[in-house]
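Both of the next two complexes hold subunit A, though its partner changes from subunit B to subunit C.
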Partner chain A sequence: MNTTTQAPDAAAERAPTERAAAAAPGGMAAEAPRKAKAPKTPKAPNDREGFRQAMSWLHTWAGLILGWLLFAIFLTGTLSFFRSEFNLWMRPEMHGLQPMDAADPQVAQTAQKALDALVRKVPDVTQWIMPLPDDRDPAVNILWRDTGNGRFETLRMHPQTGEAIDTRQTMGGDFFYRFHFELRTAQKGRWAIEGRWVVGVATMLMFVALISGVITHRRIFKDFFTFRPTKGGQRAWLDAHNVTGVLVLPFYLMITFSGLMIFHSLYMPAGIATAYKGEKGVDSNAYFADLQGEKAESRPRRGATDKVEPLPAIALHSILTEARTRWDGGRIGSVQARRDAKGRAVVEVTRHEGDRLQYRPPRLLFDATTGQWLDQADATSPAVKTYGVLYGLHMARFADTGLRWALFGFGLLGSLMIATGMVLWSVKRSAKSHTQASRKGAANAADAATPRAPFGERLVAAINIATLAGLPLACGVYIASNRLIPLNVEGRADVELAWFFSAWGLALLWALACAVVRPSRMGWSVPLGAAGLAWALLPVINALTTHTHLGTTLPAGEWVWAGMDLAFLATGLLLGWLSWRLRPGRAPKGKAAAAKAPRTSTAAALPTTPDVSVSTSGA
Partner chain B sequence: MSAFLLCFAAWSAMALGMDRHHEDATGREGAARRLQQLRRTGWLLLLLSLWLAAHPAGGVPASLGVTAWAVALSVAAVAVTATVTWQPRRTPVLAGVALVAGLAAWAWGW
Partner chain C sequence: MKTARADWRYRLAITSRAVAAVGGGYALAAGFTAALSLLLAQCMPRVEAVITATMLAWVVYAIAAGWAFYARTAWGAWGGTLLPALVLGACAMAPQWMKAAA
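This part shows the complex of A and B:
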């Protein structure tokens, strides 16, 4: 690390102008090679700085191109940590079900009751998957089909009575989850593969931006704990970006890399094609069987119209009891039954995902008719184990409440890191054009009085607003729509999504109007204020439309329900506070230069108030 | 929990071992030797907390313990950054409290 002779603060104050001046011959020229981000260094004095500069360029543009998409992926992915809770909250009909301890032996009776109810409803069911209720999801959700290879239907049941629960049509938290890895736009998926490819490219760029960012950050250890929100302007934004980036870096690297790895078979099929050559082309079935630690023949290949014999009557109780003994009292996560390739009916018992880090828990196979134990399926090879651990880290099914909130906080910090990075791009450019404008101003005073940012910068500013403020708005509207849309509307789940995308689209139109067409400071505060209002009103809307509001859930100590309402309220207040800080007419106190600057130019590019980044600690 | 508290103490020691934060916290410049000692203490505390996390009590697999430690590591770093930013004077006291509480929490099996 180079040791700076001057006080770091002084350097920070000067940084923006210095960078602009570095290209010009004169006083600062000696500084230029040392500034990694100086725009035009004539000659790199050594390779390291040249490399760093190249990385800086890469970081800037890799970050910018898909940064907005990344922000959306990161934020919805973060919300997905609470997918079960969203699923529950958005189906108030499920209120009153008692969360179950998956270690409770009673689970076996619950499973049997649910299965009986399913068989009564669908006598010739050929396959079913039943995740058992646990402390996060109190209902029994059965996926079933009575075809050979058709779509699964879902049935929700009361764990004690086995009665079907009639819930409203909604995607619930699954929408955030689906959107974050395949950009799902409708309940029945469309363009799923294309969406996964787009997300994959964005994730790859995220990975590039992370690594190049570490290289670019010159003072990574010196500035490790440094955050100076009062310094104002670019310095505060850069500090916020660095702090949110560096402190939680292990999480970002893990989540990005594992995110790429989860879809490795889609992104990099060449390895499978080489190693799993069968007689009839690539035998990817064998590969996936290996990945899951199963025998290749256990999963039959069937066409959608193939006839399959219905399952026989199954006595689950003894099977589940034996599974528990074999696992030394370990928790049972789910049970399923199907016919294997030979036509034999088998029951597969899966251990609870919270019992270990590695994803895809061990499974026990039983003969469905006799209840005889057949086999244990569990991936044991080092490569598959490594993959399973990465997968498990990404899904965080192992996390208890405290850990889950911590990971959620990391996700928010990551979103903030991306957001501050995007804003920084604008701040930097507007600071630069300022210095240039004021230098030109001597020659042409009229021109300097109303500098107008180039179209590209205004466009970036607009999309910044549309994404960074528009997405929280859209999420709030989506959750509100869950309570506001009448229950009997045709295709209700898709109508909710229509609300989501309309709100986002409106935010984009607003942003284009405010940043590109006619720059004004309203750009940020209005959508943020609307988002704050939407989130803060959620508990109110909830109280007006359901019985699962704070008035009943708080006294009853139902923290899963009450916690959601309280978190919505907190989000609303936070967004509202941001909007208030960025309201028009409030002179930014941080940087004198920015305050003196003509309103039009700064307004379009940035919410000049540096204190916004204070929220990093609140996350 | 103990991992978080110990990491907090460790990161605080490291922050206090840096010129700028040492001055913010104590009001005077620290001697180079003292700063180095503080930084070393910080590293040792981090290693200690990792070792403790790798030997969790109550049948929890070590893999989960270490994962929780990695999370605690980042949370503590964020907490220390917040402390040196807004409460620099209280950093040494908080670090001491965190160290004692962390050891107590570990002894209680938290």
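This part shows the complex of A and C:
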């Protein structure tokens, strides 16, 4: 907080309301600097205004505190809409596998072949989960373990031959996915629960920021159609924030709320703790069984060292045929086998996730030895169904290609909303301290020649650069590392992540140097340029290191592969264009230049005196 | 600076409000979830009660956080979140206490 707002002593307690005048992103924003100097807020504002201002204050600070983290969560979550595609692209060894129609009855033979291969490899397997190949993932992936409650291992198989596919070690798109909800930093997760809590706190702040943002907006529908890039500076940033914020507001509310609900048993277990309290403490196992529409004994709780009998031989064909009949021809998504709490071996057939909105899909239980149908499991009661639909909307497994791209676009808009909000804070702050600096400067000319933004502002500007430009750079480097790191490196998947975090760390160092230590206009353009270069070079690197490049995938019409390369190229060009717009030589010379377009530079929006916009740039 | 003292008090008040919003708000939301889960479980399946209460809890949390910054004083922020949290918590614990007493 800066110290110059002259809040009357007596009103200090009620400061949010007073301060709001300076921080309000609503209609009063244009006058913000002036108001900060001499607050005109009446001592007892009418309640509606006071409420709006308090919410505006809350919006600003809730948004600032975890905004950078939210940006990272939002962007990696957006990339996760294409998790399967990233997984595929980052394992070029899987090229050539034909996408399968999950409704094809041949799927049963594929599953049996894969199971036979698994049993040959691990005769003592006690549990396995087999998502079957479909139009997005052409391989058979088996997760298996031969322990009671140990970690699952992964086996990837050719759907036609049942042979193991030897792919490079990588987390692929799973990294974005895991980072998105638990800030995963290594292939074998550490601090997963802590990471989920941090993400949960950020999500709650986003929820608060969304609600307070809506309240702050007195002219929400008018702003919907208002974008004034030519006004330049703060106005343009505010408009950009409003447009990206309002345009797909329902999406943000849905994604935030469902994000909180997906981990509700972690974040808000109070209801479970009271309603499921029994004689022997809280029976959360019963809760999860109810939530999934299962019987409690079907999902046993075992210790890590408990011995479990290996599974018997299983004939999948008749089971899958019957499952298909029961679902009236519906697609089969995955099959799994385990021993239930009574020790009986059961096969669980899960319907394809793309068959309906609600998550999880319905399941059928069969006896593993006889193949006899036992039970079905599905959530059917209204509140639990609502929860399932929210869950499904968040995961977007139901979406086909077109809808998936639309959701991807919404996610990008959300990232932009957060980014413009962060920049808006910076721009507004430096505009304000500039006003103050020049006022002081009237008395002390030497001081005015070298106004230096307060440390806090410079720090925010630095982290803005490190996050908003650094994360795209890190993502590009991560994908490039997938092609550049030799295949036989020990712990290769973690080396890829090391590239990701090193690139991000370098961006942070650069940003600190450029914005905090020695303000410079290079701050934004260099990391953005590097990011653009990394993304644009991806198709080239791909062509030099694999045979799955555009030269072969385009003529063959393999759009899953070619689409990735083309999207990388487009991303690179976009980032490069941004970097070019922000290049040092393009400093705003006056109102006309500053007004041309909104930019990702705080300097672009500074007041128009040339010497000032140069000397405080990057801050 | 003339406003130094006010600024120090201001920061303390804001910190207090923020803690009230996060901690007090969570306590209120959790108490609300616990009490409503128990109440609804009387007339619907347990899992329905818990999910309904938990979904509403986030809205309660958001309102509580808003209140913490809207209240006239930081004390009001604390009172407005913790008092109802205590009442709701007591309601949620009441059946157990009564069972223990009986």
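Note that the second predicted complex is superposed on the first by the 545 of 619 C-alpha atoms of A that agree within 3 Å, B and C clash if a C-alpha of one lies under 4 Å from a C-alpha of the other, contacts with A are read in each partner's own complex, and residues count from 1 in each chain.
Here is the rule we use: a residue touches a chain if its C-beta (ideal position, glycine included) is under 8 Å from a C-beta of that chain, and two chains touch if they have at least 3 such contacts.
Computed from a prediction, not measured in an experiment: that's the story for all the values here.
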| item | value |
| --- | --- |
| Subunit B versus subunit C as contact partner of A:V208, first or second or both or neither | second |
| Subunit B versus subunit C as contact partner of A:E348, first or second or both or neither | neither |
| Partner chain(s) touched by A:D565 [first = subunit B, second = subunit C, both, neither] | neither |
| First, second, both or neither for A:L403, with subunit B first and subunit C second | first |
| Touch count on subunit A, higher of subunit B and subunit C | C |
| Touching partner for A:K277 - first (subunit B), second (subunit C), both, neither | second |
| Subunit C-contacting residues of subunit A that also contact subunit B | 8 |
| In the complex, subunit C residues that touch subunit A | 1, 3-7, 9-11, 13-14, 17, 29-31, 33-38, 41, 44-55, 57-58, 61-62, 65-66, 69-70, 72-74, 92, 96 |
| Touching residues (chain side subunit A, partner subunit C) in the complex | 1, 3, 6-9, 12-16, 50-51, 54-55, 57-58, 62, 204, 207-208, 211-212, 215, 257, 260-261, 264, 268, 270-277, 287, 290-291, 381-384, 386-387 |
| Sites on subunit B touched by subunit A in the complex | 1, 11, 14-15, 18, 20-21, 61, 63-64, 67-68, 70-75, 77-78, 80-82, 84-86 |
| Residues on subunit A engaged by subunit B in the complex (per definition of touch) | 8, 222, 224-229, 243, 247-248, 250-251, 356-358, 389, 393, 398, 402-403, 406-407, 409-410, 413, 616-617 |
